[in-house]
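Each chain gets a letter, A, B and C, in the order it is written, and its residues are counted from 1.
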Amino acid sequence: PLAWGRAARQPPGLPLAPCRAFSNNKILVELDESSGVAMMKFKSPPVNSLSLDFLTEFCISLEKLENDRACRGVIFASAVPRIFSSGLDITEMCGKSMEHYAEFWRAVQEIWLRLYGSNMVTIAAVNGSSPAGGCLVALSCDYRIMVENPKFSIGLNEAQLGIVAPFWFKDTFVNVVGHRIAERSLQLGSLYPAPEALKFGLVDELVPEEKLQEKAMAVMAQWLALPDHARQLTKSMMRKAVLDRLVAHREEDVQNFISFISKESIQKSLRMYMEMLKKKK
Amino acid sequence: PLAWGRAARQPPGLPLAPCRAFSNNKILVELDESSGVAMMKFKSPPVNSLSLDFLTEFCISLEKLENDRACRGVIFASAVPRIFSSGLDITEMCGKSMEHYAEFWRAVQEIWLRLYGSNMVTIAAVNGSSPAGGCLVALSCDYRIMVENPKFSIGLNEAQLGIVAPFWFKDTFVNVVGHRIAERSLQLGSLYPAPEALKFGLVDELVPEEKLQEKAMAVMAQWLALPDHARQLTKSMMRKAVLDRLVAHREEDVQNFISFISKESIQKSLRMYMEMLKKKK
Amino acid sequence: PLAWGRAARQPPGLPLAPCRAFSNNKILVELDESSGVAMMKFKSPPVNSLSLDFLTEFCISLEKLENDRACRGVIFASAVPRIFSSGLDITEMCGKSMEHYAEFWRAVQEIWLRLYGSNMVTIAAVNGSSPAGGCLVALSCDYRIMVENPKFSIGLNEAQLGIVAPFWFKDTFVNVVGHRIAERSLQLGSLYPAPEALKFGLVDELVPEEKLQEKAMAVMAQWLALPDHARQLTKSMMRKAVLDRLVAHREEDVQNFISFISKESIQKSLRMYMEMLKKKK
């Protein structure tokens, strides 16, 4: 009885809600009903940061696809050049109320629970840099293809900002790269250029940018060749322990986030980081 | 106080039961008392499938060796050309009674508990393809040597048949190849040619077919050079958590299997698979 | 509320205890207050074995640094040529009283709890062979640099002596090299020459002996570039489960050690091993 995933889908007897192409403000979604594959493109310039608005829209879009029988797989990519997603929006964590921090963090949890626990085949087509929360989105998919440009980097670099990735970021990371690489990378806040990321399996393969879409579709076809039922049960078996852990400690995790992020020392270092980003422009 | 392994061996004061070469219908066992090494050869043409009869004989043979003080290690190989074992016998899972499914599944559990928890050194000399349950037999050993022929493949490909590997197949797999490779391979039902299998450690080394026996004996000698007591305690420390998990959920796992396998949709896809196999001949 | 680490440091209002260079019998400690980096050199010829005296001094030295605000990182190396540390001192485990075994084992536990749970950045500069407990010291650090000399080897070779590495040695090892490598290496009691150790990540990099100190300082600078607070919380998140496991079973682990080590068969094999070492000289 999980709260996410197809458990919440419509009873089979009811007419399906119409769900073809639905466009929004920050995310473009296109579903090809013949193949059962949706393309979800992040289009929130300048850097696709995961603001509360973005996360809310992301969540609704995912839920619609999850509940749409015509959709069996989703490919995630960016519509913004050179960046996949810059991760959590720092302005949401700076100078806001406790209530706001709580609402924001619940939205971050929600998107991860839905994405990591999705019944659909999920493929990240990483066509740009993908630090922190952007990396988490990629890590939560079933497969990661990255553009081979060494200027694009990926990693959970939270420690560089003086903040700490929560345990479920860590669990997701460990499940992909193993304990040792995760331990070292999280402590150093390492960002890896695409070729490095490939070496220890943070991404599954690299392709030239112009081949990315074609490759993502080919990999999707390979995954969709398997019977959905067996694939979904297998995926759930692999990920359930880690998903259940957040579900069991969700409110505690919100409180941890609030008390950590509202510390004056953390607020100060986030403000400094934002100043630095502004000067960079 | 484990139910399997040497715990059940004869009290030291009693005379040892004679246990040299004992031949059966489907498995050939030869014990060399001077070296303490037994060779167990699967000889159940055409494909060494793990039928209830095969599993019963496998179990008795293993138990005999486990309780025989003269035996310290076993090498498993096939006496059938080009196939190590094709895995669980689908005819045992198709159109049979609930009681039969339960009996069959308990036999599958039993062989894994005995093999994965064996006090003997166990080496798989994989001289042919080894899908599904055949792969599990290899994964449960201490060491895997495979013939370097790229036409021979190995993997847990259950998903391709529309069925799901149980959690203890998964746990055994994760312990060998890690979480990420297991997650991807199980969802895709991947079978890997020998050279691929070597790359991520699904097998430990490859040799030309004519060198297989010699190599297996050499590796066995290396493992037997260690004091049994320290080696056995170490092995148990590494595998106990995963063994205990099935022991604690054994009956539940039987019920899961029965209710899954007796679904009409699963029965249908198994029948289709068997038809396909017949046409192939 | 962990018993080790900075939790026990002095209240901020009190004057800091003077803690610059303090020399002892078996370990040389030098703290460079400008960089915040301490160098700890094992100087207990002939082989830096971890005797009760050595462990006690090691523990006190670590605690002093841990509680010294001027110290943010420690580099461990040997002042004895060709050996980093030979591991637990066998004479402490041979022909002694139960009380002595208990005291010795508690000291071994204590050094691991402090080292694996340290809030400081810990780097092992492995300038010589490092079997058994010596390997554990290296495995407990944040980073391992080894001299590239293939005559220097490292590994948990306890099984070769007929003894068994305790579960927390195993947990530490699995966290570094993964389950499969740990399972095989522990059962075989494998010692790996430096180049082999690098291959599967038992050490992080190799350097020529004359570059070791320089390299260790460079790596330390890289780790110290991160904010202490975020790095420490991240490290604790990665290691807490394994540390807590020993804390929860500490007394049980002492009893296990005593009853194992005081067996006549184990005593006999340790005596034989010591005889062999004496003849080697």
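By definition in this document, a contact is a pair of C-beta atoms (placed from the backbone, for glycine too) under 8 Å apart; a residue touches a chain by one contact, two chains touch by 3 or more.
In this text the structure is predicted, and so the values were computed from the model without any measurement.
K.L.:
Chains in contact with subunit A and with subunit C: which ones?
P.N.:
Chains that touch both subunit A and subunit C, as defined above, are B.
K.L.:
Subunit C and subunit B are one sequence twice: same or different residues at the contact, by the over-half rule?
P.N.:
different
K.L.:
List the centre-to-centre spacing of subunit B and subunit C in whole Å, with centres computed as mean CA coordinates.
P.N.:
A distance of 38 Å separates the two centres.
K.L.:
Can you list the subunit C residues in contact with two or more other chains?
P.N.:
178, in rising order.
K.L.:
Report the residues of subunit C in contact with subunit A in the complex, numbered from low to high.
P.N.:
The contact residues of subunit C facing subunit A are 142-143, 174-178, 201, 204, 222-223, 226-227, 229-231, 233-235, 237-239.
K.L.:
In the complex of these two chains, what residues of subunit C are touching subunit B?
P.N.:
So the residues of subunit C in touch with subunit B come to 158-165, 167, 170, 178-180, 182-184, 186-189, 265, 269.
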